[in-house]
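Every chain is named by a letter (A, B, C and D) in the order it is written, and numbering of its residues begins at 1.
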Amino acid sequence: MADLVSLREGVAELVSDGDSVALEGFTHLIPFAAGHEVLRQGRRELELIRMTPDVLYDQMIGMGAARRLVFSYGGNPGVGSLHRFRDAIEHGWPRPLELEEHSHAGMANRYAAGAADLPFAVMRGYLGTDLVAYTTVAPITCPFTGEQLVAVPALRPDVAIVHAQEADRQGNVQLWGIPGVQKEAVLGAHRSLITVERIVDELEPRPGGIVIPGWVIDAVAEAPGGSRPSYSLGITDRDNDFYREWDRVSRERETFLEWMSRHVLSEEVAWH
Amino acid sequence: MALRTAEVTSGEVQTVVAARRLRHARRVFIGVGRPSTAAILARMVHNPELVLVYESGTIGAKPFHIPLSIGDGELAETADAIVSVPEMFNYWIGPGRIDVAFLGAAQIDRYANLNSTVIGEYPHPKTRLPGAGGAPEIASSCGEVVVIAPHSKRTFVEKLDFVSTVGHGHGPGCREHLGFRGAGPTAVITDLGVLEPHPESKQLVLTCVHEGVEVEKVRDETGWELEVVSDLQVTEPPTGEELAALRELVSR
Amino acid sequence: MADLVSLREGVAELVSDGDSVALEGFTHLIPFAAGHEVLRQGRRELELIRMTPDVLYDQMIGMGAARRLVFSYGGNPGVGSLHRFRDAIEHGWPRPLELEEHSHAGMANRYAAGAADLPFAVMRGYLGTDLVAYTTVAPITCPFTGEQLVAVPALRPDVAIVHAQEADRQGNVQLWGIPGVQKEAVLGAHRSLITVERIVDELEPRPGGIVIPGWVIDAVAEAPGGSRPSYSLGITDRDNDFYREWDRVSRERETFLEWMSRHVLSEEVAWH
Amino acid sequence: MALRTAEVTSGEVQTVVAARRLRHARRVFIGVGRPSTAAILARMVHNPELVLVYESGTIGAKPFHIPLSIGDGELAETADAIVSVPEMFNYWIGPGRIDVAFLGAAQIDRYANLNSTVIGEYPHPKTRLPGAGGAPEIASSCGEVVVIAPHSKRTFVEKLDFVSTVGHGHGPGCREHLGFRGAGPTAVITDLGVLEPHPESKQLVLTCVHEGVEVEKVRDETGWELEVVSDLQVTEPPTGEELAALRELVSR
């Protein structure tokens, strides 16, 4: 059974400097509150893993918490560039950022292989692209047909952190709506923390509900609104204005730092 | 009622032309922005049965509003089915279950290969772009690809800084050699006109200009010696119905 | 969109002599009505594919409809032997039955590879067993770690037939409860027929509900009670007494043939 | 209240001993029949938190009745989660998330390898058995395996007709050589007693007999020269609570 902890305890217990950490979420259910807590606790030298690093990773990269980024699409969805991500790669500010870049299909299969504890997954992809020269893939031949395919190595993060709608007191978690790769990230990681909108006495099965049993989760922390400005289907709405506004906030280093200091790092946190 | 060209923006024309392209499509794969707007418009005016698939995992979404992200709540709430990302790529995109995919890019070359990764050198880019995302496997798996891009020399380049996504590769036979399925890019819809791969050379040629656009202008904005087909078409202007639906959609 | 057809039309349209046919269902939702219709239409020389051939396949094998069986567990669950399956293998009655035998994990991965249109899947398994000498598997080496694993070839049946709780008029299908490998079988097959308990105006999303869009299905046929003596969760109950009784009915060839003639092959069918 | 041995069947003893084995288990993988009954009994009297996993995909099932099949409706209705069969094997069994797996077999050898495929030659069997099902990967992946089998020379054989499932293979180091995880078979619970692999030789030795069972009888019913540990134990008879719970369960 998962431990029910405070967000502060959960992050302190599970995330250390230098860890590879997957804060997953595919547009929906992005674990902003947990990512902010990682920043408040001053974690450094992280390998951040995520298919779609967006505003949360822009914030973490901009604060210099990451040494390395493993990803497949780094943009502010529907808005444009991630300015802190770009600044780190283009100018090494506030520190250089090492990259391991894949396609979405590659990352998804890497997570699936990790969840299955297999060393690699087989897929069709990457062929003909320049990515092959800069990332970790290998040719593999079908032993039955001779067809050449591509192998991608499994992803096994030290820690997976995801957000869900609810958990019961045994730490069984239910999420619904767009599920992304969160289940795979949790099952493939060595440790896991799930933040939830609410703790309930009993999980009521939902259409589209995915239940992750408490016994494969290390810790569950209640964090109402913990995915804002992303959303938790049925509980909070996506704050599209915030994503648009982030383009302005993040464009200049000073504005960004001031915003982070005021809204994320201070003891009296405006949100989260 | 036909509208005068002056009343219509080139972006509106581009969206309308993209939507028309979906008249007979069954399943379209779309990202956000103009592709998504075009697909919703197609459902409104041309093809109410069109199945919209977003890579967030929503199959058969029926958004009333234009979504900002590919994972907006409305997409999940209106979808016929929602699947995980591994399932989306492995069971739905990879096997070629999608007819038409709309893709964008920061750079496109004469073989409709796409760059969405970097401007400059990969290790030390001048401009870091978001990256390939789902595009490489979408382009190698779907029935056909339609590229939607603004027409300028910055975008239509002689040589990509980085090949993120293969269109027609080095030309004829290249997709087959790589084991790809589908026809690859069949059209590039810009704010100036429509480019299509020549059936034999696979090089993009200008097949259609939007009303009021000079061919010379299109050539000027293209980074290679653009060929023009002998029976160059002129885009049928947006109808009143198309334009009204598009504007109503945008205003929602 | 799938065609809404009668069961008779659906089977006539989609199943031919010599086809490889997967009538799938893992204990739950077994497509008995469709299998019986295949028998009534006199199909022969079939390659029958299923992880858990049980009473339905015992019937089809006993009637001589199958040339070959691809499977991983051939028993009457909780009861014992499948006597017709045994008689075919042990005595070639009513005709010899060629076998391709796998483990459950192997079959499940073969279906998953089929659904993904990949030529094979990678897994850990089979090693050390005598099955390796009699089935289709191949060693494969991880290009990253050097670990030796096992490849299994994709399953791509000519036809998949499954049963579900409901479909709408566009042929979108929803099933809930134990999902087995039905989705994989349908997606991996070249043609598919889904029988349903009922046709509804609109699918109401259910907890645990899996929706298969009508556009990947060839035909949907209404067949109320079509999984009996198996069951359709929430609509019919498993007839455990029937499974026990089958042990007696199927033990002798004559009793079996008489039962089939009376209950399955006759024009006035007692059930289905 | 202790019950006299005469009142208890050997099958009941076997089930009770198997249930006790789950006192400290967290997740148990079970098929139908005696294993399932033992696991449900363990939840009733020893370990209410025990998570029952059936290969049908039901995780955390809480059946009130003994299921006839691994896919009975009650398992689905009471499960914490239900997953597809590919997911069950790939995400749950393969990675070793299950502590204890209960398996049965038609034949078992001194290294606790199992045959559930054929008696006789595979191409022309005397008796065709159901086949391996999930057992090979369950036995190579779970934390430990407990085999439940009736004790007779027909079952406990010198040489298997077919190796369906590897227990300890050819002996020490064999599982490691094959890359298996988990301890493999740690006990074989029969209607006569309990066999466990010798820590060094990995050969099954008799470590416990049920009350009233002669060692000679066990040797007679074993197809190889069975060794007996020096400190042979006698099974603690079922307690009144265990027996009452088991009988109540069976009568439901």
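Methods note: a residue touches a chain if its C-beta (ideal position, glycine included) is under 8 Å from a C-beta of that chain, and two chains touch if they have at least 3 such contacts.
From a predicted model like this one, the values you see are computed outputs, not experimental measurements.
The minimum number of touch steps linking chain B to chain D comes to 2. Sharing over half of its contact pairs with C-D by residue number, the repeated interface among A-B, B-C or A-D is A-B. Of all chains, the one whose CA centroid is most distant from that of chain D is B. Chain A and chain B have Cα centroids separated by 28 Å.
The centroid of the Cα atoms in chain A and the matching centroid in chain D are 41 Å apart. Multi-chain contact residues of chain A (touching two or more other chains) are listed as 112, 118, 123-124, 147, 183-184, 208.
Counting only residues that touch two or more partner chains, chain B has 90, 94.
Shown are all chain pairs that touch, namely A-B, A-C, A-D, B-C, C-D.
Residues of chain A that touch chain B in their complex: 26-28, 51-52, 71-75, 77-79, 81-82, 85-86, 89-90, 101, 103-105, 108-109, 111-112, 123-131, 134, 147-148, 177-181, 183-184, 208, 231, 233, 237-238, 240, 243-244. By the touch rule above, chain C contacts chain B in their complex via residues 1, 112, 115-118, 172, 183-184, 187, 210-213, 215-216. On the chain D side of its complex with chain C, the touching residues are 32-33, 55-58, 67-73, 75-77, 82-86, 88-90, 93-94, 117, 122, 125-137, 140-141, 162-166, 169, 174, 178-180.
Residues of chain D touching chain A in their complex: 26-27, 49, 51, 59-60, 80-81, 90-91, 94-97. Across the interface of their complex, chain C is touched by residues 118-124, 136, 138-140, 142-145, 147, 149, 151, 153, 205-209 of chain A.
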